[in-house]
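The next part holds the structures, each set out as structure tokens.
In the two complexes below, chain A is the common chain; its partner is chain B in one and chain C in the other.
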Partner chain A sequence: MPLQVFFLRRLLLTIPLLVGITLFSFIIANAVPSDPVSANIPQNAFDNEEIIAAFRAKWGLDKPPHEQYLTYLGNLLRGDLGVSIKTSKPVLEDIRQFLPATVELAGFAILIGMALGIGTGIVSAVWRNSIADYLTRGYVVIGVSFPIFVLALIGLNVLHVQWGIVAGPGRLDFIIRDPPAVTGLFMVDAAIAGQWDKFANAFSHIILPAFVLGSFVAGIIARITRSSMLEVLGMDYIRTARSHGLRERRVVIRHALSNAMIPIVTVIGLSTANLMTGAVLIESIFAWPGIGRYAFRAATSQDFPAIMGVSILIASIYVMVNFLVDILYYFLDPRIRVA
Partner chain B sequence: MRKSILFVLAVALVLLAGFGAAAQDEKVLVIGHTEQTDFYDPANGFTGTTSMVRRATYDTLVTFPDEDASEILPSLATSWSVSDDGLSYNFTLDDTPRFNNGDSVTAEDVAFSLLRLKYVNGNPSFLADNIDSAVANEDGTVTVNLSSVRPTFVTELANTAFSITNADVVRANGGTDGMDAAETDGAADYLNQNSAGTGPYQLESWAPQDETVLVRNPHYVGDAPYFDRILIVNIPEAATQKAALESGQIDIATDLTPDQIVELEGNMDINIWSGPGQWNHFLIMNADPEIGGPVSDPKVWLAVRLAIDYEGFLELWPGSTTPGTVMNIFLAGAFQADRALSRDLDRSRALLAEAGYPDGFDIDLKYPDWNAFGVDMNINAQKIQADLAEAGIRVNLAPGEFGVALEEYRLGNAGFGYWLWGPDINDPVDVLAFVPGGKVATERLRFTEERAPAEILELRDAVKQESDPMRRAELFEQIQLWLQESGNFAPFLYPPTQTALRSGISGYNWHPQWVMDVALISRDEM
Partner chain C sequence: MVVVGFLVVAGWVLVALLAPNFATHDPLSQDVSHRLDEPGENGHIWGADALGRDIQTRVLYGARITIPAGLAVILLGSTIGVLMGATAGWLGGLWDELLMRITELFMAFPTIILAMAITAALGRDIRNAIIALVIVWWPSYARLIRGIVLEIKHNEYVDAAHCAGATGVWILFRTILPNAIAPAIVLMTLDIGNAILTFAGLSFLGLGPPPTSPEWGSMVNAGLDNFSQWWMWLFPGMAIASLVMAFNFIGDGIRDIFDPRLRRD
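Here is the complex of A and B:
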């Protein structure tokens, strides 16, 4: 199948998916047996009909649900995600404010996760049943099963408070002003502005939360890498490569790893999407103003426009990551090109 | 070789961690806080964070002392008078304060601010319900006419929702005080990012759920505050606030749990400010037999109050006190711990038997699964379960998600529950929410006027009209005695407010109206 057709087919499939997500989020948000009025209006104003009516009218809650939904879809087509009840700002503006922090954190975390996970996975598979293998397997079990918030709190209290070798909560020391906004990624923006002290400060702040998130992902990647590599290393073509006298490093990296990559890429893709959307705990513990924390606040305060906006964003991230993974498959596995 | 690489890495990390921490000329105060801001616009916002910021950026006509809400003091109004019929108030204004753009405060600004609050139908607009008109007089005074007598009117004016804004600036940014302001006012966006007041600071920026930045008001006429910039940083996790405070990243942590406060007590770098809190924790009992079942019986109400181990709650939450009634303890005339009920299990069991429950009964306790400002409501609910079991009441704990539980409570459908209350009005009249006809007693718990004895209704009506302080105090005394004996609430815990500060920070004081006044805070010079 030509790449363009493959690309187009994947792209078209995302449209009904996104519409379905908006409908699903709308139904779930409306099915919760509580009212945005209670979540957003002070108790003493509950019996003031004018205030309640003004609130409902302002947020369109006085209209029947189907009308609310259709209005939302209409606005969505014009690129308008509505205004957040909690922040009083357009949801799109909120997403622009909060998403870069999450992208920066998740990007760093996935790099750490890949480096640790793929590295230990290869070592574990190549030297199977060695001490390195047992250590890796132990690490995988701990990495995957250890509660991430406990690791975060231990890291914060020991590495930041007690030893002072990493910076604490926030994206920068609180007294430092943000670098001039270009991408919203502080390290990138600081580098663009040539503010290297801010770059270093941002790096020192991201390292701990990214390592905590990355260590969890690394466990999963290591497990998949190990099993996938073990399978490939047992293949005839590996034996053939070795019998041709190729150096072991070349056999492992060039011939084994490249053929073991499909499941690893899948896991990395899913992990990236998970990190981008599910880092609520880490963002809360590290006072990281990202989209996870925004989504949590939206859900607990019945902020419908924000809930819908974040749902669409999360769905889009999953769709995009899956799409990228599919494209990678296309290049990694020639059989997909033929199918 | 490997050791040296590790050493270099460790040194690099330490250096990086220290970057940016270099001394700077600007004096900055960093407050770690769980942000609850809805709006910074005075006419629309009504949360603790909002009050704190408005206290720093605006002034009101009258105010409270720095430490508490014990009396009314002049602020933008130097004096005021009330007409004989109690319906008309006249305020004389101080002509020295300047808005943050240099403009003087006029009677027109005052009238505009009060009417905008009334008509915009924002979260705090209920406070201005009773205002019929606000008129800027030619002599520079302001007359406010009320639609009915309200002895607490001047007290309520100290609420930061009544902040006086610069009418010209607000109008220029879409604001209006017209009767159609709910539909036509568009100044909230501007006032969420800028202030237009006379306070010692002005709002520089607000990144919702992230950070609020205040800088000095260049035209402030009072004593200049110590700090150049105030950063209010949203740190929702108490454990993170504690870590940031211990490492010196923040100067003040407002939301630590009692356990964390105890952990910090030996730390020489940190001081703990402790004082009366704001939240009264109590059980609610629905007066409608169909909803409340056994807890709709007045005898059971008292039996429940007498079954609670009040001393045990004080041990559970160090620094707490036992509330005398549902009236918050810092309100004038409120019963303190020395007048609180004590546990009397024999009398409690006898009352249950009189009510027809000699073997007790089973009941669900509904409450939000929530950490209420450092107090885990689940822990208290478990203790209530254990305490009432000793009297024969078998409680089944039924926690719910906050919004869901609040909705059930708000609609009056909760039979037996656990909630808390902080007053919106710093006047004893706030307690009327808990007597029949009041917001909580009737709307939430169906204790209607028809179900209530005439005695309490007469007391309630009398105190609403009474402006003589001595007579008011007597009436509130009788109302509290009635609540102790016959009310459908069981208040059991009043936790303290505890704030952790870096040593060297002084001038901090928790305030029931505006949380803290950042303009009074300073740092001891080395």
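Here is the complex of A and C:
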């Protein structure tokens, strides 16, 4: 199957899923027996019929549900996600403001998770039952069992409060102003502007939350890398490669790892969901002004437009990442190309 | 490892059952004259919190909330998932397509975002936190069981049951499901640690039981305000970690027993 056909077919498959996501988040936001009016109007205005009626009319709460959904979908296609009840700003604008912080944090975390996870996974498979293997296996169990919000608190207490080797909560020190906005990723922006002291400060702020967030993912990736590598290393073609006199490093990297990659890539794609889950917890501990904290505040104040906007955004990111993983399969597995 | 896991879990279950016998204090009674006592001070072995409540007592009582909550999520979630998956796999065709698309939808939402929206909407208490987690928990079971049912529904013994005149529902529940249930049980044991972790995460965010109740996640959260009083968050945090780790040991062990291919490693 040529790449274009494969690509288009997978892309078309994501469309019903994306529509379903919008419908589903709409249902959650509306079907529950809760009242956004009482959540967002000050107590002393409860008796004021006019204020309540105006509020309902303003947010379309007085129309039947299917009409509300179609209106929402129409606006969504035009890039209008509605106005957040809590911040009184368009949800899209809020997302633009908060997303870069999460992208920077989660991106850094997944890099740490991949480097740590794939690295230790290979080492522990190649030198099975060595000390490195036992350490990795122990790390995997702890990494996937330890609540990251507790790990974050231990890290903050030891590395920041007691030893002072990393910075505390926030993206930058209070007295430092944001670097000129280009991408919204502070480290990248600071580097572009050549403000290396700001870069260092941003790095010292992000390293701990990113490491905590990445550690969980690293555990999952290390586990799958190890078992996938062990399986491939037992294959006949590995023995063949060795018997041809290839150097061990080439056998491991070229022949084993590239064939062990498919389950690893799958797990990395699926772990985007774990990353977002972790981001909500980590962002609330590290006062990280990202989408996770925004989602949390929206959920606790029953801010429907914001809840829907964020749910749709995050679910779409998940679908897109897994779409990319599917495309990667095409390059990793020659059998897909032939089939 | 499995033995260690079993011992730790058994220990926690015992603690949960006999919490009043082990505890030195009352989990709810406040004593402002002893607020933020350090570990060992005034009979507070693990210290006291900002309202003078005994941390150790509250951690012991916390097992009474966390263990049943984790079990409830897994049992309810797997039951719904198995029923959905079995129905999809058994009926096939359009129904299969529809049910699996719904399952995929649920899987696309990150657990905590969905659970957060649901608990926030239903109201914050333990029951709603469990409902929210069940809603996000069933899809992985549905997927698993559907795959297995698809695999075995064309086996000869299923055809034999057909020939013997068994009805569809009978075949599904008496012939197919008993052969498909083992992997679901493995998944349940692997999964319970994760369910406890997510439940603790939800209550850490304030979306679980009320802050007064001795729940581990919300105790860690209360420790955020008194960050330098490390005993407030470290002990409940370690309680979560030890229980989850023990369940994961058991889960890994059970998976190895059911999957001999992995045991060879």
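Everything that follows uses one rule, which is that the second predicted complex is superposed on the first by the 333 of 339 C-alpha atoms of A that agree within 3 Å, B and C clash if a C-alpha of one lies under 4 Å from a C-alpha of the other, contacts with A are read in each partner's own complex, and residues count from 1 in each chain.
In this section, a contact is a pair of C-beta atoms (placed from the backbone, for glycine too) under 8 Å apart; a residue touches a chain by one contact, two chains touch by 3 or more.
Keep in mind it's a predicted model, so treat the numbers as computed, not measured.
*Asks:* Will chain C clash with chain B on chain A after the two structures are superposed, or do they fit?
*Replies:* Once both complexes are aligned on chain A, chain B and chain C clash.
*Asks:* For chain A, which side has the bigger count of touched residues, chain B or chain C?
*Replies:* Chain A has more residues touched by B than by the other partner.
*Asks:* Examine A:184 and indicate which partner it touches, taking first as chain B and second as chain C; both and neither are also allowed.
*Replies:* In the superposed model, A:184 contacts neither chain B nor chain C.
*Asks:* Which holds for A:90: it touches chain B only (first), chain C only (second), both, or neither?
*Replies:* Neither chain B nor chain C is touched by A:90.
*Asks:* Looking at the overlay, does A:157 come into contact with chain B only (first), chain C only (second), both, or neither?
*Replies:* Both partners, chain B and chain C.
*Asks:* Given the touch rule stated above, what does A:302 touch, chain B (first), chain C (second), both, or neither?
*Replies:* Both partners.
*Asks:* Tell me the contact category for A:285 with respect to chain B and chain C: first, second, both or neither.
*Replies:* After superposition on chain A, A:285 lies in contact with both partners, chain B and chain C.
*Asks:* Examine A:173 and indicate which partner it touches, taking first as chain B and second as chain C; both and neither are also allowed.
*Replies:* first
*Asks:* Give one of first, second, both or neither to describe whether A:277 is in contact with chain B, with chain C, with both, or with none.
*Replies:* second
*Asks:* Once the structures are superposed on A, label A:50 by its partner contacts, choosing first (chain B), second (chain C), both or neither.
*Replies:* Only chain B is touched by A:50; chain C is not.
*Asks:* Across the two complexes, find the residues of chain A that touch chain B and also touch chain C.
*Replies:* The overlap between the chain B and chain C interfaces on chain A comprises residues 32-34, 153, 156-157, 161, 284-285, 300, 302.
*Asks:* Where on chain B is chain A touching in the complex?
*Replies:* Contacts found on chain B: 10, 13-17, 19-21, 24, 28, 30, 32, 38-39, 46, 121-126, 129, 182-183, 188-189, 192, 207-211, 231, 233-237, 239-240, 243-244, 246-247, 249-250, 401-404, 406-407, 410, 424, 439, 443.
*Asks:* Which positions of chain A touch chain C when the two form their complex?
*Replies:* It is residues 16-17, 20-21, 24-25, 28-29, 32-34, 128, 141-142, 144-147, 149-150, 153-154, 156-157, 161, 227, 230, 273-274, 276-277, 280-281, 284-285, 295-296, 299-300, 302, 307, 310-311, 314-315, 318-319 of chain A that touch chain C.
*Asks:* Please name which positions on chain C make contact with chain A in the complex.
*Replies:* Per the stated touch rule, the residues are 101-102, 104-114, 116-123, 193, 197-198, 200-201, 204-207, 217, 220, 223-224, 227-228, 230, 233-234, 237-238, 240-241, 244-245, 248-249, 252, 262, 265.
*Asks:* In their complex, what parts of chain A are in touch with chain B?
*Replies:* Within the complex, chain A contacts chain B at residues 32-35, 38-48, 50-51, 53-55, 57, 84, 86-89, 94, 97-98, 153, 156-157, 160-161, 164-170, 172-176, 197-198, 200-201, 203-204, 207, 284-287, 289, 293-294, 297, 300-302.
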